[in-house]
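Each chain gets a letter, A, B, C, D, E and F, in the order it is written, and its residues are counted from 1.
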Amino acid sequence: MEKEITEIKGGQAMDSLETFKKYRQKMNEKILASGNKQIKRFFTLDSRAYEKGALSTKVKELLGLVASLVLRCNDCITYHIITCVKEGVTPEEFFEAVNIGLIVGGSIVIPHLRKAVEVYETCLKMKKEGKELTL
Amino acid sequence: MEKEITEIKGGQAMDSLETFKKYRQKMNEKILASGNKQIKRFFTLDSRAYEKGALSTKVKELLGLVASLVLRCNDCITYHIITCVKEGVTPEEFFEAVNIGLIVGGSIVIPHLRKAVEVYETCLKMKKEGKELTL
Amino acid sequence: MEKEITEIKGGQAMDSLETFKKYRQKMNEKILASGNKQIKRFFTLDSRAYEKGALSTKVKELLGLVASLVLRCNDCITYHIITCVKEGVTPEEFFEAVNIGLIVGGSIVIPHLRKAVEVYETCLKMKKEGKELTL
Amino acid sequence: MEKEITEIKGGQAMDSLETFKKYRQKMNEKILASGNKQIKRFFTLDSRAYEKGALSTKVKELLGLVASLVLRCNDCITYHIITCVKEGVTPEEFFEAVNIGLIVGGSIVIPHLRKAVEVYETCLKMKKEGKELTL
Amino acid sequence: MEKEITEIKGGQAMDSLETFKKYRQKMNEKILASGNKQIKRFFTLDSRAYEKGALSTKVKELLGLVASLVLRCNDCITYHIITCVKEGVTPEEFFEAVNIGLIVGGSIVIPHLRKAVEVYETCLKMKKEGKELTL
Amino acid sequence: MEKEITEIKGGQAMDSLETFKKYRQKMNEKILASGNKQIKRFFTLDSRAYEKGALSTKVKELLGLVASLVLRCNDCITYHIITCVKEGVTPEEFFEAVNIGLIVGGSIVIPHLRKAVEVYETCLKMKKEGKELTL
C-alpha cells in the first residue's frame, strides 16, 4: 500500500509538524513553569500512561490515537501518530485502527481522519528519509 | 433579507472553499486507495444517507447541517451548507434550522454559527454569479 | 412495516413514558418557579424553536430528533419522537432520519437508536389506540 | 425562594443518594485496590483540584458543577452539588451557576438540570434536618 | 490481583447483563426488520470492524473499549468488555487500557470506569464458573 | 509568577486577538441582522448570563471559561479569558481554574490549555501596557 502513497503538500506538512512541535514545547514549558503543581502532576501521569506495561507502547499509542480520533482533537491525533510510526505501526494496522474510530465516532470523524492520514504519510516519509520523529 | 448580506472577506472566503474542496478531494482519494474496504463502505453509506427517499434531499441536508452544528465540526457544516444552497434552502429556512442547532447545542455553537453564516453567504453569492457549487 | 412491529415491554414502555412525563412536568414547574428569569426565557426560546415558520413543525422536530440522537440524550430523543408521531412522521421517514443520526454520530449512537425505536413504536401504538400523546 | 421548594419524591431521592454513595464507595475501593498506581494518582489529583487555594472551595465546586453540567454527567453533578450545599451555595447562586451551564451547553442540558434541581433540593432538606452530607 | 476481586451485587449484576442482552437482541431485531437497508449495512460494518485482521480481535476490542469509555457510553463499554474477557484480557491489561481512557477523557469518565470495573468483574466470574459469555 | 511569563509570538498573538475580534463583530452583526428574532434573543440571554448577580462577574466568567475548556472551544475560551483579565483574575486563580478543566476534561483538553495560557499572557501584557481589552 505504501507505494500508493504520493506526497501531499510535501515539505509543507513537515513544516506544519515542526511548527506544532515548537509551539507545543514552548507552551508546555510555560504551563509547567506556572507553579501549579497539580497540572505538572497531570502532565507526568499523561506521559506515563503510554509507557510499556502489560500492554505494549504500540498498543497503548493505538488506544490513544483512537480515543483522540473519536474525541476529534487534531493535535492529540498528531501526537499519537508520531509515536505510532516510531513504534512501527504498519499502514494496514493504522487503517484498521482508524476504521474503528470512524465506525464508533461516525462521519463527524472524517475531517480528522483526513488529517490523520496526512500526518501518518508525512511521518512515514520522514522515517524513511531518516529524519528524527520527536516531539 | 438577502439584501442585508454584504460581502465578507469576499474572494477570500471563496478561495477558502476552493482550498477545502481540493484538500478534501485529495485526501478522500488517498483514504479510498488505502485498501481498507470497510472505510470505503462507510464512505458509500455516508453519501447514500442524504439521497432522496421518503424524506427529500433538502430535508436530509438540513438534518446533516444541524447534526454537524451541534457536534461543532466546521468542515461538515461547510459540506452540508453547499448542498443546502444547491437544494434551494432560503435564508429564512437556513436561520430557522441553525437556530435549532443553537438552542439544542448552546452558546458553544456560536463560533460555528458564525462560520456557517459566512459559508452560506459565500455559497449564495456563488450561486447568484452562476459559479459551480460542488465538492 | 408497521405490521412487523410487535409489542415490546408493552404497557411497561407506556408506564415509563408516563413516569417521564410526570417527572419532567414536576421538575419544569420547580425550575420555572425558582425565580431565575433567564432560565425561564431559555425555556420559552426552546419551545418557540420548533413552532411552524418557514420550515414546518414536522421538519423542525426531525431536526431536534437527529440533534438529540447525535448528542445522545434519551430524554430529548423521547421528547422529539412524541411530537414527531403527532406530526405524522411515517416509519420510513423516521428510519431515514435516525439513519442520518447513526451515520453522523457512529455506533456510539446505537444504544440510543434502540431507545428511539422503542419510544417510536410505543407512540405509534398509543396514537392507533387513540391515547393522548402529550408532554 | 426556599419556601417555594416543596418536596419531590421525598425519601425516595434521599434513598437514591444513599444508593449512589454506597455504590460509589464500593467501586472506588475496588478501583484503588486494583494495583494500578496511575489510576490511584489520578483519583488523588481529582480530589486535590477542589481544595481551597487562591480560589475558595465554594467557587471550585461551582466550577466542577458547571463543567459536569455541560458534559452532562448526572453522577458528577450529584457529587458537586453535595459539596456545594455543604459550602453554603444559596439557591440564587445555584440557579445563576446552572443557568450558565444551560446557556453554554444548550437545551440538551435540560434533563440534567432537572436532576440537578432535584438533588439540590434533597441536599438542602437534609442539611436543614441536620442529616450528614457526605460521600 | 484477581484474588482482591470480591463479589459486588453478585447475581444482580449478572441479571443486569442478562436484561441488557435480551433488550439489545430484541431491539436489534426490530431495527434490522425495519426495512432500512443502510442501517442494516451500518450494523454489518460495525461488527466487521472488530474481526481479526492486521490487528488482533483482542487489540481491536480494547480500542472499542477505550473509545466507548471516553465517549462515556455504558452499553458500549459493557459490549466491549464481554468480548475483552472472551479474548483473555487480563486485569493488568484491562486497568492499563481504562487508565488511558481516564487520562484522555478526565474525571468525567470515572462513573463509567466504576461501571466498567463492575462489568469486568462479573464477566471474569462468569468465565470462571464456565457460564456462556455472549451477546 | 508573572515574572516567569516571557512573551510568546508577541505582536503576533495580539494581531490574532484583533483578527478574532473583528471577525466576531462582523459576523455577529450579520447574524443579528438576519431577521431571526430567536437567535437575537439567545444572544441577549448569552451576555446576560455573565452579569453580576448573586455571583460576581469574575466567578461567572471563570464558570464560562471552565465550561468552554471542557467543551474544547478556543473562541469561547478566548472570549472568557479577555473578561477574566478585565475582572482581575490572578495567575494563581487562572491556573487553579484551568486545572479543574484539565482534571474534569482530561488530556484531550491540553491543546486548548496551551491556547488558554497563550491568550491569558497576551491579555495580561495588554492590560499592563494600558491597551484596551474589549470584544
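Structure notes:
Here is the rule we use: a residue touches a chain if its C-beta (ideal position, glycine included) is under 8 Å from a C-beta of that chain, and two chains touch if they have at least 3 such contacts.
Since this is a predicted model, take the numbers as computed values, not measurements.
Touching chain B and chain C together: A, D, E, F. Here the C-alpha atoms of chain C line up with those of chain E after a rotation of 120°, rounded in steps of 5. Chain E and chain F have Cα centroids lying 39 Å from one another. Per-chain Cα centroids separate chain A from chain F by 28 Å. Per-chain Cα centroids separate chain D from chain F by 26 Å. Taking each chain's centre as the mean of its C-alpha atoms, chain B lies 35 Å from chain E. In chain D, the positions touching at least two other chains are 38, 42, 45-46, 49, 67-68, 70-71, 76, 92, 96, 99, 102-105, 107-108.
The touch graph of these protein chains is complete, with an edge between every pair of chains.
Within the complex formed with chain B, the residues of chain E that make contact are 38, 41-42, 45, 48-49.
Within the complex formed with chain A, the residues of chain F that make contact are 1, 4-5, 8, 72, 91-92, 95-96, 98-99, 102-103, 107-108, 110-111, 113-114, 117-118, 121. Residue ranges of chain F in contact with chain B, taken from their complex: 23-24, 26-28, 30-31, 33-36, 38-39, 42, 46, 67-68, 71, 73, 75-76.
On the side of chain C, the complex with chain B involves touching residues 45-46, 49-50, 53-55, 59-60, 62-64, 66-68, 70-71, 76, 90, 92-93, 96-97, 99-101, 103-105. Residue ranges on chain D touching chain B, taken from their complex, read 70, 102-109.
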